[in-house]
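By written order: A, B, C and D. Residues from 1 in each chain.
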Amino acid sequence: MASTSLLLEIVRNMSKNIIENKELLTELDRAIGDSDHGINMAKGFSAVHEKLGEMEGKDWGYILKTIAMTLISTVGGASGPLYGTAFLRAAKVVEGKGKIDRKDVINMFHEAIEGIKMRGKSDQGDKTMLDALIPAFETLKSAYEEGEDSKIAFKRAEESALKGVEYTKTIIARKGRASYLGERSIGHQDPGATSSYILIKSINQVLEKN
Amino acid sequence: MASTSLLLEIVRNMSKNIIENKELLTELDRAIGDSDHGINMAKGFSAVHEKLGEMEGKDWGYILKTIAMTLISTVGGASGPLYGTAFLRAAKVVEGKGKIDRKDVINMFHEAIEGIKMRGKSDQGDKTMLDALIPAFETLKSAYEEGEDSKIAFKRAEESALKGVEYTKTIIARKGRASYLGERSIGHQDPGATSSYILIKSINQVLEKN
Amino acid sequence: MKKIINDRDRVVEEMLQGMVKAHPEFIKRLEGSNVVVRKDAPVKGKVALISGGGSGHEPSHGGFVGLGMLDGAVAGEVFTSPTPEEVYKGIKAVDGGKGVLLIIKNYTGDVMNFEMAAEMAELEGIKVEKVIVNDDVAVEDSTYTVGRRGIAGTILVHKIAGAAAERGLDLLEVKRVAEKAIENVRSMGMSLTPCIVPAAGKPSFEIGEDEMEIGLGIHGEPGTHKEKIKTAREITTILLDRIIRDKRFVNEEVAVLVNGLGGTPLMELYIVNREAHKILEDNGIKVYKTLVGNYMTSLEMAGVSISLLKLDEELKGLLDDRANTPAFKQI
Amino acid sequence: MKKIINDRDRVVEEMLQGMVKAHPEFIKRLEGSNVVVRKDAPVKGKVALISGGGSGHEPSHGGFVGLGMLDGAVAGEVFTSPTPEEVYKGIKAVDGGKGVLLIIKNYTGDVMNFEMAAEMAELEGIKVEKVIVNDDVAVEDSTYTVGRRGIAGTILVHKIAGAAAERGLDLLEVKRVAEKAIENVRSMGMSLTPCIVPAAGKPSFEIGEDEMEIGLGIHGEPGTHKEKIKTAREITTILLDRIIRDKRFVNEEVAVLVNGLGGTPLMELYIVNREAHKILEDNGIKVYKTLVGNYMTSLEMAGVSISLLKLDEELKGLLDDRANTPAFKQI
């Protein structure tokens, strides 16, 4: 059972890692997008970071909804509504909950992905954040099914996310700005997949410490 | 006594030399002006070159006036009206003449310089074409006064013109675009003085061959 | 990065302040937002038009706010779609009771954020319709792609829809003519240099001294491919060929927009216009109206796009209507 | 040299063709010349205004030909004054019987060529007057110098004199208000990059990645000195300080022109405008009107100039008059 203080630690770590990787994400977006993914994400997660105090002591649903609304109302671009929708859909699953279990984790993750698919009219293989998130989710799910604990499950999920990021280098973008490049998008890793990987890694880092 | 066929040979040589030095003159103007002196002069003297046929068999005044009008109506910029006025004033001295003598040469040269001074409201030491022309003229005059022939007189005039060009490197421009640079114009040779030197050298080259 | 700015993270805020100071007779800033609206907004009894998107495309879109064009423009960060909240504020501020039309350029971010804003406004009982401009033929439009981008042709859609709204047409009618304009407009661009997003501080792509980028958009993104630099004639031919291949303009009357990307001097745009007129004439396409200038830019990028809008009598009339905005005036 | 051109020796000819194709409702080309005149030239019974100079300053000057501004614009080669013959053709074509005013920017070449043209026209019985614009405070004005240059402030002189002519004032009256405008206008510019004269093919000066050139003109000539790049605020302060030191603007009402040199995006011009308004306010100078945009450019040079025009009631009225030209419209 995971508490909201764990969640807040994760959110703090997500903010830290996103802000630290601002340059990297922007640089990746420079190659196949419009040089702003790191700027967008750092802006959003700085705003999230500022709300950490206000989230203290609130339930899982409230915290995730606050993150969602903060991202939606500060980021803009494509990643703002996409990540915002993901967190919003995850929030619905755990409304009012003080602690959550593995089933909640699976449901949240599932809903988040469905939210992105819906909002982005996109799916795995389009060279987007989904190419990190979907494999990570599937790995997580089977690890849980195999009875692994969250530490191991998220460790494996992180590895799959990273593989997903690597995979984005090999495919043509079909969604987002990178899709305008056609063949030229091959060879470059997707910035959004990379930020998704960073978010999952952020979860993992906190779990490992606890 | 100089014939008009000599004059036409000189004009042909002037055109050739100016066109050959287009890049050099433009490059000099790039440093302290607006990168067009070579372009302007080459345009003017190409037009003059095209009129050589039409000038054949005409008198000194007609030929010089044709050059003047051609320069005025094709060059533009500062050098167009200045060189145009110079040739126009020289033309007046030798109107209707088939052959000219040394006195005519002195008068023409004098009038040309006066024309430039009047049109340009400028004088020696302003870092302009006058800094090549005036010393050249003075040397020519004293050489004639010393009884030297035209070959020697123009040889010396060319040397003085070159010294004048060198001198322009040491002074601040007070006329033309270079004057806007103030102190920064020091160290650069004046493009117009350089084109004047080329014109005098063109006369000299022809005299030496004849 | 050579830019005349103060703080690379505050360029949009400071630009908007400077824009409003420059054009107080046309526009005002909506307090606490990056939205500029007509000085007389909301105009009662008139359908209102909102456009916007990332900044860096000036004079788009704030420069087209005024009589006969937009009622409001929502500015995001440089090349980043504004948030739903910002767009929502714009919608609320301009609604004069006859509803609001959103003119959206076809980018994932813009579409998502504007649509979320529309949902928010509709919850408050404001009638909102949207059209999505997708004029850029450099991008393939198929079921496997996100479709063509919206680029400079958007200006012509603003003009047409703005005139219709000013004439007093109702929301669905304004939407209809906007969609007709979108259906009839195609664009294609190229560039000689990248641009630098201030907050990123680096050129948006690398390009050789003798190369040009063909088929790029307006966000500093690379184009579909690089080529050796060609003459204005060849470049214009490349752009128009693609446009004419995409849609039938032959024997039609058109409006031509030769749009500078920000760093290209007007001299070169006029030279491209000369070539464009020649090529159109050779193809039996009659030019009814020409616009040449920086309408939809990409910061300091050097480059040009050409747009063609096929005209019928209705569109001609709307195009000829009066307009009075900072960057588009027609008497 | 990255330019969208065909032939570096034919840019002016091709640009003029493209310009006339773009604006047939405003201007026409005088056959066999590089002169564009109002479509309805000569306007009978109106004093006519001619301006011009080297090309490369677009939209200057052809873009300001039309109602309420110029009657004709004479284009020389890039940065090279047109010949007397060309100017003379322009004068003849626009004279509507009430005489012609030449608006000359203070450069040796322009002054000499325009004066020679005036002499030619006077021989034919045309009344010609001239005014010489010298707004650039970067250049010292003393008996030992050729005096200040004419730069972007010229646009304001066109507007004022053009309005006076359109009102039907006679030649000497139009000249008087033009001279009043000249007396009251001051400008100062800076740049971040050089430009490339097409026929020369090389940058007009060398400059470091972290340097800017202060006090330069509009012909790609270097300025008075180089400095490290500063913020928009500091740059605007440098420019306005020089202007305000040169002439007393304190407690006066002014028109401000924030002019882009061609390669600087509107975003940056608006940021400069923001700073300018702040500084003027701090100095007790009241802004009556603001213009921001590319009015007097220097090919693709990145940079900006600021002009201030001190206004009295007469100048305000003339500034507010209607104008309808390709690049300056006021309804």
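The criterion applied here is as follows: a contact is a pair of C-beta atoms (placed from the backbone, for glycine too) under 8 Å apart; a residue touches a chain by one contact, two chains touch by 3 or more.
Since the structure is predicted, the reported quantities are computational estimates derived from the model, not experimental observations.
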Length of the shortest touching-chain route, chain B through to chain C: 2
Greatest separation from chain D - chain, by CA centre: A
Inter-centroid spacing, chain D versus chain B (mean Cα positions, whole Å): 32
Distance between the centres, which are taken as Cα means, of chain B and chain A, whole angstrom: 76
CA centroid of chain A to CA centroid of chain D, Å: 55
Shared-contact residues (touching 2 or more other chains) in chain A: none
Junction residues of chain D, two or more chains touched: none
Touch-based graph of the chains, sorted into line, ring, star, complete or other: line
Chain pairs in mutual contact under the definition given at the outset: A-C, B-D, C-D
Chain A residues within the chain C interface of the complex: 26-27, 30, 32-36, 39-40, 43, 72-82, 119-120, 174-177, 179-182, 184
Residue numbers on chain D that touch chain C, as the complex places them: 2-7, 11, 14-19, 21-23, 55-56, 58-59, 63, 192-193, 209, 212, 229, 231-233, 235, 258, 262-275, 277, 287, 290-292, 294, 297, 299-300, 302-304, 322, 324, 329-331
Interfacial residue positions of chain C with respect to chain A in the complex: 54, 76-86, 107-109, 112-113, 116, 138-140, 144-146, 149, 197, 199-200, 202, 204-205, 217, 219-222, 224-225
